[in-house]
Structure formats: C-alpha cells, structure tokens
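To start, I am sharing the structure in question, which I have written as structure tokens.
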Amino acid sequence: MFFHRQELQFKATPDQPDAVYARKLQEVLGGQYGEITIAMQYMFQGWNMHIPGKYRDLVFGIGAEEVGHVEMLATTIVQLLERSPLGITSDAVQDDPTVAAVVGGADVQHAIVAGAGARPVDSNGNPWQGSYITASGNLLADFSQNAAAEMQGRVQVARLYHMTDDHGVRDLLAFLLARDTMHQNQWLAAVAELQEEGIEELPAPSNFPQGQEHTEVSYQYLNFSDGVHASDGRWAEGPAPDGKGEFSYHDGTTTSAPMPPPTHPDSRLYGTTELPNTVEKMAGKAQDKLKKE
Amino acid sequence: MFFHRQELQFKATPDQPDAVYARKLQEVLGGQYGEITIAMQYMFQGWNMHIPGKYRDLVFGIGAEEVGHVEMLATTIVQLLERSPLGITSDAVQDDPTVAAVVGGADVQHAIVAGAGARPVDSNGNPWQGSYITASGNLLADFSQNAAAEMQGRVQVARLYHMTDDHGVRDLLAFLLARDTMHQNQWLAAVAELQEEGIEELPAPSNFPQGQEHTEVSYQYLNFSDGVHASDGRWAEGPAPDGKGEFSYHDGTTTSAPMPPPTHPDSRLYGTTELPNTVEKMAGKAQDKLKKE
Amino acid sequence: MFFHRQELQFKATPDQPDAVYARKLQEVLGGQYGEITIAMQYMFQGWNMHIPGKYRDLVFGIGAEEVGHVEMLATTIVQLLERSPLGITSDAVQDDPTVAAVVGGADVQHAIVAGAGARPVDSNGNPWQGSYITASGNLLADFSQNAAAEMQGRVQVARLYHMTDDHGVRDLLAFLLARDTMHQNQWLAAVAELQEEGIEELPAPSNFPQGQEHTEVSYQYLNFSDGVHASDGRWAEGPAPDGKGEFSYHDGTTTSAPMPPPTHPDSRLYGTTELPNTVEKMAGKAQDKLKKE
Amino acid sequence: MFFHRQELQFKATPDQPDAVYARKLQEVLGGQYGEITIAMQYMFQGWNMHIPGKYRDLVFGIGAEEVGHVEMLATTIVQLLERSPLGITSDAVQDDPTVAAVVGGADVQHAIVAGAGARPVDSNGNPWQGSYITASGNLLADFSQNAAAEMQGRVQVARLYHMTDDHGVRDLLAFLLARDTMHQNQWLAAVAELQEEGIEELPAPSNFPQGQEHTEVSYQYLNFSDGVHASDGRWAEGPAPDGKGEFSYHDGTTTSAPMPPPTHPDSRLYGTTELPNTVEKMAGKAQDKLKKE
Amino acid sequence: MFFHRQELQFKATPDQPDAVYARKLQEVLGGQYGEITIAMQYMFQGWNMHIPGKYRDLVFGIGAEEVGHVEMLATTIVQLLERSPLGITSDAVQDDPTVAAVVGGADVQHAIVAGAGARPVDSNGNPWQGSYITASGNLLADFSQNAAAEMQGRVQVARLYHMTDDHGVRDLLAFLLARDTMHQNQWLAAVAELQEEGIEELPAPSNFPQGQEHTEVSYQYLNFSDGVHASDGRWAEGPAPDGKGEFSYHDGTTTSAPMPPPTHPDSRLYGTTELPNTVEKMAGKAQDKLKKE
Amino acid sequence: MFFHRQELQFKATPDQPDAVYARKLQEVLGGQYGEITIAMQYMFQGWNMHIPGKYRDLVFGIGAEEVGHVEMLATTIVQLLERSPLGITSDAVQDDPTVAAVVGGADVQHAIVAGAGARPVDSNGNPWQGSYITASGNLLADFSQNAAAEMQGRVQVARLYHMTDDHGVRDLLAFLLARDTMHQNQWLAAVAELQEEGIEELPAPSNFPQGQEHTEVSYQYLNFSDGVHASDGRWAEGPAPDGKGEFSYHDGTTTSAPMPPPTHPDSRLYGTTELPNTVEKMAGKAQDKLKKE
C-alpha cells in the first residue's frame, strides 16, 4: 500500500515562468528515462521479485521515493507555466517575436489540453508508455538495467541544468543529480553484492548451462565493419570480465551457413510462390528475351 | 555503407513447423530487447559518436553483425510457419483441439498480413518502435546500457531455449546465447576500459562538477518503504562504487519542503481556480452545512 | 511524497494457478481503464489543481489508494502464473490439448519477458500509455471523466468476476467492485458539490460567455441518421439538464455552407494544384474524349 | 451506410493564414478528445449496441454529424496553411525572427508530409489512435463517458477560442461550442432517461448483484493522503448518489492483508529465486560481515 | 457533411458464432490496410486536395462508401461474438479443450472491454492509428498508394476467405473482394488519367527540375547484395518506365565519400568527446599496454 | 549477413549548422516513408520471399543500400547540430529572438536525449515503428507498395530541398532524389515484369478465383458523394486496367441490406440488452409520457 504526504522531498519553486523550459523538463518526468519509468520499473521489479529480504526491500524502498520525484517535477512544471505566455491572443506581448518564439517552442498541449498543467509525456509530447520499463525477474539483469537507466537519467538532468539560469529550478536539479548519483552507486553495489553472495553470476542468466551454448564463439570479437582499431580494445584479447573465457579477435565472421531454400506456404495465402509454372514462366521470359537479342 | 551477403552467420533450419513457437521467437526479433533494438542501438551510437578510433569501430563492428541476427531469426520464423496449420479451414485437422490450440496460440498476423512471413513485432504483436533504443553520446552511460540490454536479451533466449524441443531451433539459440555471452562481456570490458583510460568516470556524466549537486544526499540510502532489510545491503554503508563517497542509511526522507501554493493560471484557460468568490462560495456552503446540523 | 507499506489493502491470493486468467486480469491493471490509468489520472489532477482544500485533498486521498490497487493486481497475477504451464516443453502435460490451449491463450510475454511476472500492459499486451489519462484543470470536466472511468472499470471487473471460479480471485474482485462503487458515487457527489457550491456549472467550461457561441444550435438535436426514434428521447424536447435551454428536434442539419474553394499552396510543396494549364489540360482531355465519341 | 454531401455544416473560412494556429487546431481534430474520437466513439457504440430504438438512433444520429465536424476542421486547417510561411527558404521574410518563430512553432509535417494539408494527429503530432475511444456496450457507462468527453472537448475549444483573433476561425469555434453545449446536455439527458426508464441504475453495471461485493467498503471514503479537508466533502457523509448507501469517512485504510509469500517459478525461466542455497549464501554473507565487524 | 442510413451495402449475417474468426476479421476492419485506414485516407485526401473536379469527387465518392464497409465488418464481428463462448466460467463446455482453444484464440478484449462488441483494432489488438494513412497532396503519389493499399487489402480478404466455412461470412467477403477489385482498377485508371492529361508525370513529383538531381545515378541499378540474378531483370537494362532514362546495372556502389570527421558538440551536453586529454589518455593507455607486453 | 564499410555512398557535409533543419531531416530518416521504413521493408520482403532468383536478389540488392541512406542522413543531422544553439543558457546569443526561434523550432530531444545526435524518429519526434512497413509475400502487391513508397519519399525530399539554402545538404538531397527516381522506376519495372512473365496478374491476388467474388459490383463506380464530376473519369466507363472488366458508373449504391437485428450477448457481460422488461420499461415510460401530455 502507498500513502501520500502533502510535502515534497525538496523545494521545487522556480524563480520565474518559462514555458519552453517546462516542456524540456517533461523529458525527465515522462520520457524514456524519466521518473515515471524509474518509479514503475522499481515497483514492478518489487511485485515480480521471487526472493524476500534486502533486495526486495531495496526496490520498494526507492520505488516510492521516485513517485515523489514525479510529483516534484510535475509541480515545478505547473509553476513554470503559471504566468508564462501560452498563446492567449489578447496578451499585449503577442507581437513580440521573442514571445512568439516562446509560444512556438512551448508544448502546446500544456495550454490546450492541461490548462497550464503537467502531462505524462516526454519533451516531444510522446505519451509515456509501459514498454519503457524492465522487470525480468532476473536480478542481475534487472539491477544492471537500473544502473544504466540512472546513468541516462543523470546525463539528461545534467544537460537540463545548463538550459536554464533559474536558481529555483537549478536547485531542484542539483537535488535530483545527487539522488541519481546515489542510485547509480546503489545499483552498482547491488550488482556486486548479488555476485559476491553467489546468488547470480555473469553472464546473465548464470544458471543456464554454458556448455550448451556454442562456446567456440562465446568470447570471439567478430568485426563486421572495416574499422581497424576495434582490435586495440580490451574486448579483443585477455580475460573476459565474467572470468570464464579469454577474448579473441577476428575480422569478419568465423562461421557461416547457406541461406535456407525458399519456403512453399499454402497457396491459399496468395503469396508469390515457386510453382512449377513459375519456373517455366521465367524460362519462357528468358527465352523470349534471348530471341529479341 | 552496408553490404549484404546471401549467407547466414549460422545454420537456421528448424526440424519441423511450429507456428506457436514462431510467434514466441518474434520477441527476440522485434521486442524491446530483440535484435532490431540491438542493431539499431549500436548503429545510432556509431553515427552519434564524437570520438574516432576503437570505440566507434567497436559499435560499428558488431552493429552490422546484429542486423544479420535479425535475418537469422526472420528466416527461422518463415520456416517454422511453412507447413504449420495457420487456420485454413479445409485443412482436415481443423477439428482437432490440438490444432485449434495451435491456431489460437499463433500470431494471426503471420498468416493474414505476412502470408506465413516474419514481422517487425514482438511476441504479442506490438510493432517495434524507435523508443526502445538508447544513444546519448555519453559512452559510459551508453555502453552500460548495452551490457544491460545484452543481459535481458540472453535471459529471453535462455527462456525460449526451454520452450522448444526442436533441435534445429535449439542449435540456433545455442549460437545466439554464445554471442550474447560475448557481447555482455565485451560491453563490460568497454565500460572498464573507458574508466581505466580516464575518459569517463562514475557517476555518469563524470564531467558535471559534483560540487554543484546537493552532496548531502549523494550517498544516502533513503528508505521509503517499511522493509527493514534494506539496511543490510552494501548500498547502506561502506564506500560507494564510484570511490567518491560513503554510503549511509536513513529510514524515510532526510529533507522535505512544503507543497507550493496553488497556481493562478489565466482564466481564459478555464481551469477551476481559486478566485475570491470561490472562497466565499466554499464558506457559504460550510455555513449552510452548519445551519442544517 | 509517497511512502510504501509492505501490506496489501485486501487479501490477494488465488486458490490455483491460471495463466490465461492472469492475462485477462492485465486489463484492469494496465488497460485503458485499468488501475494505472486511475492512479495516474488522480495524481496528475492533484498536481495540476489550482485550488487548495477539499477537492485537492480528495484526488490525493484516493490517488495513493489506487497505486495500491495496481499492487494487489500485480501480486495476484504473479501468483496465478506461479505453477501454471507456461510453455516449458519438457513438462509432461505438454501434449495435452487443454494445456496447449492454456499456453496458447496466455500472454507469452508473461513467461518470455517477465519470467512469470506481471507487466504494465493490457490483456492484449498493449503497453499502458500516458494518453489514457485526463487532467484538464477544469474540475467539473475532470470529475465527470473520473466518474465515467470508474464505471467502465467496474463493468470490466464485473465481467472478469464471471470468467473465473477461483474463490481467492473472486474475493479480491469483490473488494475492487466495492471500491469502484464507492468511487463512482464519490465522483458523482463531487460533481454535484462543485455545482451546488457554485464553483462550476454546466455546460463545462461554465465561465465561457455562452452568448458568444452560436446559440441557435445550442439545444437542437440534429438527426444525421435516418432512425426515427431519436425524437422520442428526453434530449429532443423539454428543458436541458443545464437549466439554460430547451431542447428541440430536427431531421438533418439546420445550417450549411459551401465547401471552401481549393487552396493554392506554394508550388515547391509539389502538391497537385489548380494551375492554368491544369484547367487547359482537363479541357483538352475532355475535347479528345468528345472527338472519340 | 454513409453518404457525403459536398457542403459543410457551417462556414469554415479563416480570414488569414496562420500555420501555428493550424497546428493547435489539430488538437480538436485528431487529439484524445478531438472530433475523430467523438465520431468513432459514437459509431462503434452504435454498431455494438444491443437494443434497438431511440438510444441506437441517438448514437447514429450524431455520429455522422461528428464526421462532418472532422471535415470542417480539416478544411479550416488547409486554409490556415495556404499562404502561411512554411519554411521555403527563398521566401524573402525568412530572416525575420517573427517568421522564424512561426515556422518553428508550426507542425513541420504539415509542410513536409502533407504539402500544406491537415493530418490525423493531435497538436503535438501524435497520430490519432483507436485506444482513445470507449464502447463497452453498457449504455450508462458509455453515455456518461460521452458526456465527459464532450466536456473535455468544449473546454479545449474554449481555450482555442482565445488563442486566435481571426474572425472566421472564431466563428467556426463558436459553432462548435454550441454543438458541444448541445451534446453535453444530450448525453446527460440520456443518462437520466436510462435511469428513469429503469433500464440501467447506478452503480454501473447495475445488474451485478451488489450483495456479492465487499459492501463494508462500498461507501467508505478512505483517505490515503494527509490532507484534512477531504472529510468536508459530500462524499464523506450523507446519502450516496446511487441512493443505495450512506457515505462514511476514514483516515487511512480500514482493511489490510499481509503481502503474499514469494513465488517459486520454474527455474528454467531464470528468475532469481529463493533456493535453499540462496538462503545459505545470504547467511554466509551475513556471517562474513559480522566477522569483519 | 456525412449522413447515415440504417442499411448496409450488403448482407452481413454469419451463419454461426465464431469468436476466433471475429478476432481475425478485426484485421480488415482496424489493421494497417483495414477499412478504417482506407476510409480515413480517402477523406483526408479529399480535404487536402487542391484541385476541384473529378479527382476530388472521386476520393469523396468512395471515401464515404468505405466508412460503410467499416460498419459491415463491425456488425459482422458483433454477430460472430453473439453466442460464442467468451470465457464465462459457468458455461458447461468450459472444460472442453476445443472450447478452451476458442477462448484462448479469441480477442479477450472483445469480451472484457467491449462486452461482445467490435473494436478499432487489428487482429492482434493493436489500436488503429493515424500514421497508417497517406495524404500528401501529390495525386500521382497518393493514388499510387491507394492502388497499392487496395491490393494489400484484397490479399488479406482473400486469405480470410479460406479461414472460414461460414457461408454468410464468405458471402460478405465475396462482396468486399469485388469492391477491392473495382478500387484497385479505379486507382490504376486514375494514375493513368493523371499522366494522360499531363497533370502529373513520373517520377513523382514531376515538377521538380530533374536536372538538379544527381542524374548520373538516376537510372543505375546498384547491387548491394551478392545475388547475381538481379541483373536479369528489366530494371537492369532498357528504357525506364518514366520514359526519361535508360537503366544500367552495377555491382556495388558507383560513388563513395569518406565518413565525416567526428563532431565536437558543446561539452555541457556531456557526450564523450575528442578532447586533447582524451587523445593523451588513449596514448597513455596504449603505452601502458606496451609496457605490460 | 551484413557488412559495414566506414564510407558513405555520397558526401554528406552541411556547410553550416542548422538545428531546425536537422529536425526536419528526421522525417526522411525515421518517418512513415523515411529510409528506415524503406530499408526494413525491403529486408523483410527478402526474408519472407518464397521464390528464389532475380526478385529476391532485387530486394536484397537495394535493401542494404537503404541502410546506408539511413547512415548518410544520421551523420548529416549530427553535423547540422554540431555548432547550432541548442538551448545552453550561457550562450551569449540566447536573448536574440532569432536564436530563441531556432531553439524553439528544434527537436529538443536532439539535445536532451541524444546530446546533439540523430534519433530514430520523425520530424515531430514520433518514434519509428514496425507498423510502417509492408511485406505480404504477394510480390505484385508488395512491389506496387514499394513504388508508391518511393514516390512519397521523393515528394518529401523534394519539399525538403526548398527548405534549406545549404549547398552541402542540397547536394546530398540531389543524390537521394536521383536514387528515388531510380527506385520508383525500378519497382514499376518489376511490377510490369511480374505481369509479363505471367507470375502475377491484376487484380492482386491473381490466383483467387474471381468467379467467387460478387462480380456484379467488381467494375462499378458507386458514387457515395454528391460531386457530379466523378463520372467524367476513366474509372467510370471503358475497359478496366486489369483487362478483365468494363467500368460502369452509378450514383449511390446498387445493393443494400437491412441492418441485422440486435444481438443478445450473455447477460454476465453487463451490456445493456433488449430484455423483456426493457421493452416493458420503455412502454411504461411511453405511457407515462402520454399521460403527462
């Protein structure tokens, strides 16, 4: 169960209105790596988790914090929109090209749909969607994904930091950056702990009997482009990070197989198929062509 | 530029038709972590990369391989569909409940739309979409995401391995599992190399001056759920993986701020607003209520 | 801020596994009118609300409850999947047509993607999306939408009630039905209160000066189909519910205007346009045609 | 069957070009509550309706009108785009910042994709989608949804009214506002009529035997947030609108249940599970930790 | 304006219920090439058309017919669902594996969401979306697209014809097949007429001054795969269909250019960039590596 | 298998930065008819093709070329973004309204998400999706679709040509225009060849026994709008392009059938149904109404 307290985790009060920035801030609210994604991802990981104890407490413990981050961003956006020009025509400033640029650069649905409110969308107005999240039940894979997602999120917040001079907004972003620092570290620590405790190993999933995979290509770097420098990397020689194999490097592929022969689906699916007369027809066409030549 | 060779990287020939399994295989072709995602992600990372040399050669080097993996899965699906019952009514077996179950469990668009062909969709028929991929230009964040994506992909392939007895299909999956093993290791090696070479550091993005974030909460585990075991993890005390801070643990939040006061948007947006008479009306209503009591 | 307690609002324990039903239950978790929609809708209405006091407390008060409903459904789904056949081939029962039907009717991503976990999707596997929710800032419009959404939700839960014999699941649904009863009533009460307190009126938005609309068609039922019974309804005569007009009935439209003349966009947009020579060409074609006749 | 007449229901002729406004107008054409939604919703309700007579005639009667509203908006948009700068570089005005703002604020697909034509998208360019509509077959739920949708639509048109000074456009919007007034009233009248005729009752669906729901929470307001004013509303005490219960108010939840124990899915799904050795491993880790301390 | 007549263009009465087939039929109602697409496409082409007369009358003339086709399919689906088992558990037949297969193969939202009604989705339950349609304003391009769309549509209807034995359904499909025959022919005739009248030419768009394109590759077949037979086709030699060039064949590309040098975006975007110290760091790493060797 | 060469097919180097144009260029990279669509469409057609030889070599032969076109556009976009103002606030030019317009008209995700990189989206930021492509297995239908898609693509590139003065960009577009010219011609040639070789005929699919369709309406133009000029077209009289029928023209429909009677779905789906008492209730209501009158 979830309970709401009518307080924020941090002060979220912009100094002044800025509708264009409100639109940009939507990215970290409702984008691919926004707070809705993060909150939903941790909650679904919690509900889908098969082991009790510290790992489940961990995802629940910060999942609820992240819903509060959605809240901080939403209330910030609402305030950024409060006295910003949103395209009401009788506003005196309407003919000012700077105002026109602001109105043009804002999210028009902020005004038309939400009446100067926040929306569950990204900075281009794409609605948030469930396909952004990951909750596979394999904790090594999921926590690695969490760490990666927190990195993308922190990169975006850092970029947004430089897109405003507003002290109130920057203060909030400085708070979110710190929490992202924590959460990156936390997931990397959890990834390490899972391995140290011997619960999971690399490569994920660790229980799959590796002998059943085609081990001859399990540690081969195969270069399908013509850049010559890929052989300089640590992925091209030496021990692999999972401690189970030795990297090697090869230009191009080391295995190949012929394309399978054409299929012959049921003729009532009306695909163009290799029927006897097709071959004849092609032959006939070829003959006609020869005759012409 | 890309060039195509009419060969496959590995033999992809099922022993027998299986339309239901063809549908399942769509997940690793066109799903969130399917091969289209992987191929597109690496190519876009290559085109967006700002440094020349081994890291760019790396993403190009395997990006093209992954398009070939899409091809192997697509041709496998086409063969699995070839002689499988797809709902043609005059098929003698139609009344057999097992056949009915097969038809019911298949992807009906395989027959109706693609005429026994593969499709750029996941196992539930959701079309692949560009929002699955990640290419931020920050290599530490992106390569971490690549490693995480290869883990999710390998987990899915491992699950699919146990959902068929077909030796041809299992052989292909055993090949893909090996390549996923390589690619997990490769990206983890690249993540390590970026840090060893001092090009990027944790937390990503490493150039953002960490002093500007609210460092008082940069290494604090804040527990927003009531599970008591989260304090047992390595994320709750001791040095953080980035080597820059020391974890601490706290039940609940350590900071808070009041909710901001209500906004007053332009009345021509027709939101319900806190006008003077609203207050009066509420007061009036309250008085009326008192009188009744 | 949101806080999580590791308890459920109601017992959510199915008597037995049922993967097909788990898929169906996804509808009220992640569908258009599922609990994610409801929870998100109330939270965004809270963040976007411009008046303090009881109406804002109301949306916050039940928004958090609804996140808990998502949780109850997710944990139920996980349990329904626990020992259900999910397509692992070595399961002895695999050739049983009933088992095949179960596997065919299940959500295959429950197994492949989530490892027997719940997902943020509807019963057809469509990811939940932000465009399902409504938060316009106009409380009369929004609360009316809330009431309507709770009705759709309760209709779906009632249908699902008859699609299982599992006592544990039915018990949970009986609880959700009761809460939906409350929430329908609650929003209808709030809609009434807004009007009684004179804060909003019908038609929404009430502040728009109705004299500026084309009042001659504000209360006219115009029949664009040839059914004769629409004139029997209470929408065809008598006072309108908003108390501001009198309904009338008319077959077909009472107003009309010619289609506007064709536009002439910039020729560099390469649309097919009405250039002088187009007219000539058409004329020429017509003459040629005449000559032939 | 549907027949088209090459006339409009109302004059739709802007006084002057305005590409930015053309984009905004897309919201009420192809947005969540735009005319495509409304038209499709009524038509599907008609096709899915199980009772003949006035209610079916009603949805058909206005469904066709609404397709004509799509037409009026589309032709208006085409005219607004006709002579507006759309980014053709040789236009002399190109360096004018106001023109640049116009081009920046326009829907770029209006020019690139549609050649100065209208599109089936909302004001942020999101394509219209079938998931916007509602047609459950339960008329009380559906007509309540229709009323709510007409309210949202009218709110959006009212907002758009103030975003232009163009008399032609305002005239069209004044017409649409009037029709939305009618349609709000009409659906509220239909909702009332359904109940008066005893065909449906509240709560929807009315036939579900209410005794089977958990009636102890059917009329309880449960406050999951800490706002104290929610108890002041009419939803917290007194008779409920359905006439079947009496509201009560409670802070927090009145029921609760423990979280269910962790599930144990098939190990071949490679989730991280609570195996005997997991417990031992955790124990071992804990001991090691103790020793270090 | 559109008017509705409560008649169908053709009898649409299935002989018996079939929920699985109802799901399949959704493809030609709400799929990529279903009737909603066709109807919307023609209507938007009409609204966006810049020339009056026969071409605009043509798109309007059949656009309205196609909305009626949506109606025929929707009412057929509703009837197919009428007495079909939809998962109500107390149905005696529930344990019959054939029934289980039917329920598993049906669209579960037909029951849960629509109450045995039709939906604006395809046969996999993906909602119809505006991005399916094409209306560019260039009539040669648009009418070619219309012809192609009618072909895809007729292929799908032909496939569906063989997936049922129901005479009523087949009768309806036989009608739709005939209309698709007409519409394929009609659009091909319109494509020819546009060219004969000299209004448009190939290649579309015909007004673009072809001398400004890189004409050296305008008629070259470049073979980027290693199949040798592509040179046998009529696209590899001889006059091109537009009458303006002569085809030639070449293995591989005839032009190439170096990849552009890496970009140097603003450092505050936190991408990994080629800074002086990056080069040094790489060099240092290389030296360290040498030393180790 | 696919192999990558680190060269471009043509020089893709803009003369100067232009973030707004970078956004526009996304349309032909990741839009409905962008290069990702084209590349994916040809590759899936190749994998799904049931006949070996020249037609399969053809789709593979240009499929790989098109992935290279995605690459050229992506690298161009990255360069256009390189030194363009992207909203970093300390940039001196920030207050310049022209700069504000640029920032407002740019794709904000180019900066926030991709760090001045390209994205798999269209010019409005909608992610590319698998539902854009067509691969039915029927070559006449698919190649016709390919020709039509290349026309739409060339129309869009031609429009974009006039939206920039940058010589580098125009040079690239001039190259793409030439390739689109080739590809339009190529697919039209392939469509002709399929028919000349007798492999496929019109109407597609040609094997469906046309005698089973309702031939009385197979060549009838039915006018569902009131425009009188549709009868002037070549689709209204004379031989049809498929050589199998003669066009005729008719105002309105030539066939019709009554709407089917209302359905009676299971009452546990809680639709509003025509139960005996519904009829009585309506009658009662009618009587009451009579009494009042």
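Per-chain numbering from 1; labels A, B, C, D, E and F assigned in written order.
In the analysis below, contacts are C-beta pairs under 8 Å (C-beta built on N, C-alpha and C of every residue); 3 or more make two chains touch, one makes a residue touch a chain.
Just so you know, these numbers come straight off a predicted model, no measurement behind them.
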| item | value |
| --- | --- |
| Chains touching both chain E and chain F, listed by label | A, B, C, D |
| Equivalent interface positions on chain A and chain F, same or different at half | different |
| Higher-contact pair (C-beta pairs counted), D-F versus A-B | A-B |
| Cα-centroid distance, chain B relative to chain E, in whole angstrom | 26 |
| Residues of chain B whose C-beta touches two or more other chains | 1-9, 32, 48, 53, 55-57, 60-61, 63-65, 68, 75, 78, 88, 97-98, 100-101, 104-105, 111, 113, 115-117, 121, 124-127, 129, 131, 136-138, 140, 155-156, 158-159, 162, 193, 196, 205, 208, 224-225, 227, 232, 253, 256, 263-265, 268-271 |
| Residue ranges of chain C in contact with chain D within the complex | 6-13, 32, 53-58, 60-65, 68, 75, 78-79, 81-82, 86, 88, 111, 115-117, 126, 129, 131-132, 134, 136, 138, 140-141, 144-145, 147-149, 151-152, 154-156, 158, 161, 174-175, 177-182, 184-186, 188-190, 192-193, 196, 202-205, 208, 210, 212-225, 227-235, 240-242, 245, 247, 253, 255-260, 263-266, 268-271 |
| Complex contacts: residues of chain F adjacent to chain A | 1-6, 48-53, 55-56, 87-90, 95, 97-98, 100-101, 103-105, 107-109, 111-113, 115, 121, 124-127, 136-140, 193-194, 196-200, 205, 207-208 |
| Complex contacts: residues of chain A adjacent to chain F | 20, 23-24, 27, 31-32, 96-98, 100-102, 104-106, 122-126, 155-156, 159-160, 162-165, 224-227, 252-253, 256, 261-265, 267, 269-274, 277-278, 281-282, 284-285 |
| Contact footprint of chain E on chain A as seen in their complex | 155, 158-159, 162, 232, 268-270, 286 |
| Contacting residues of chain F [partner chain B, same complex] | 1-9, 30, 36, 40, 43-44, 47-48, 57, 60-61, 63-65, 67-68, 70-71, 74-75, 78, 113-121, 127-131, 133, 135-138 |
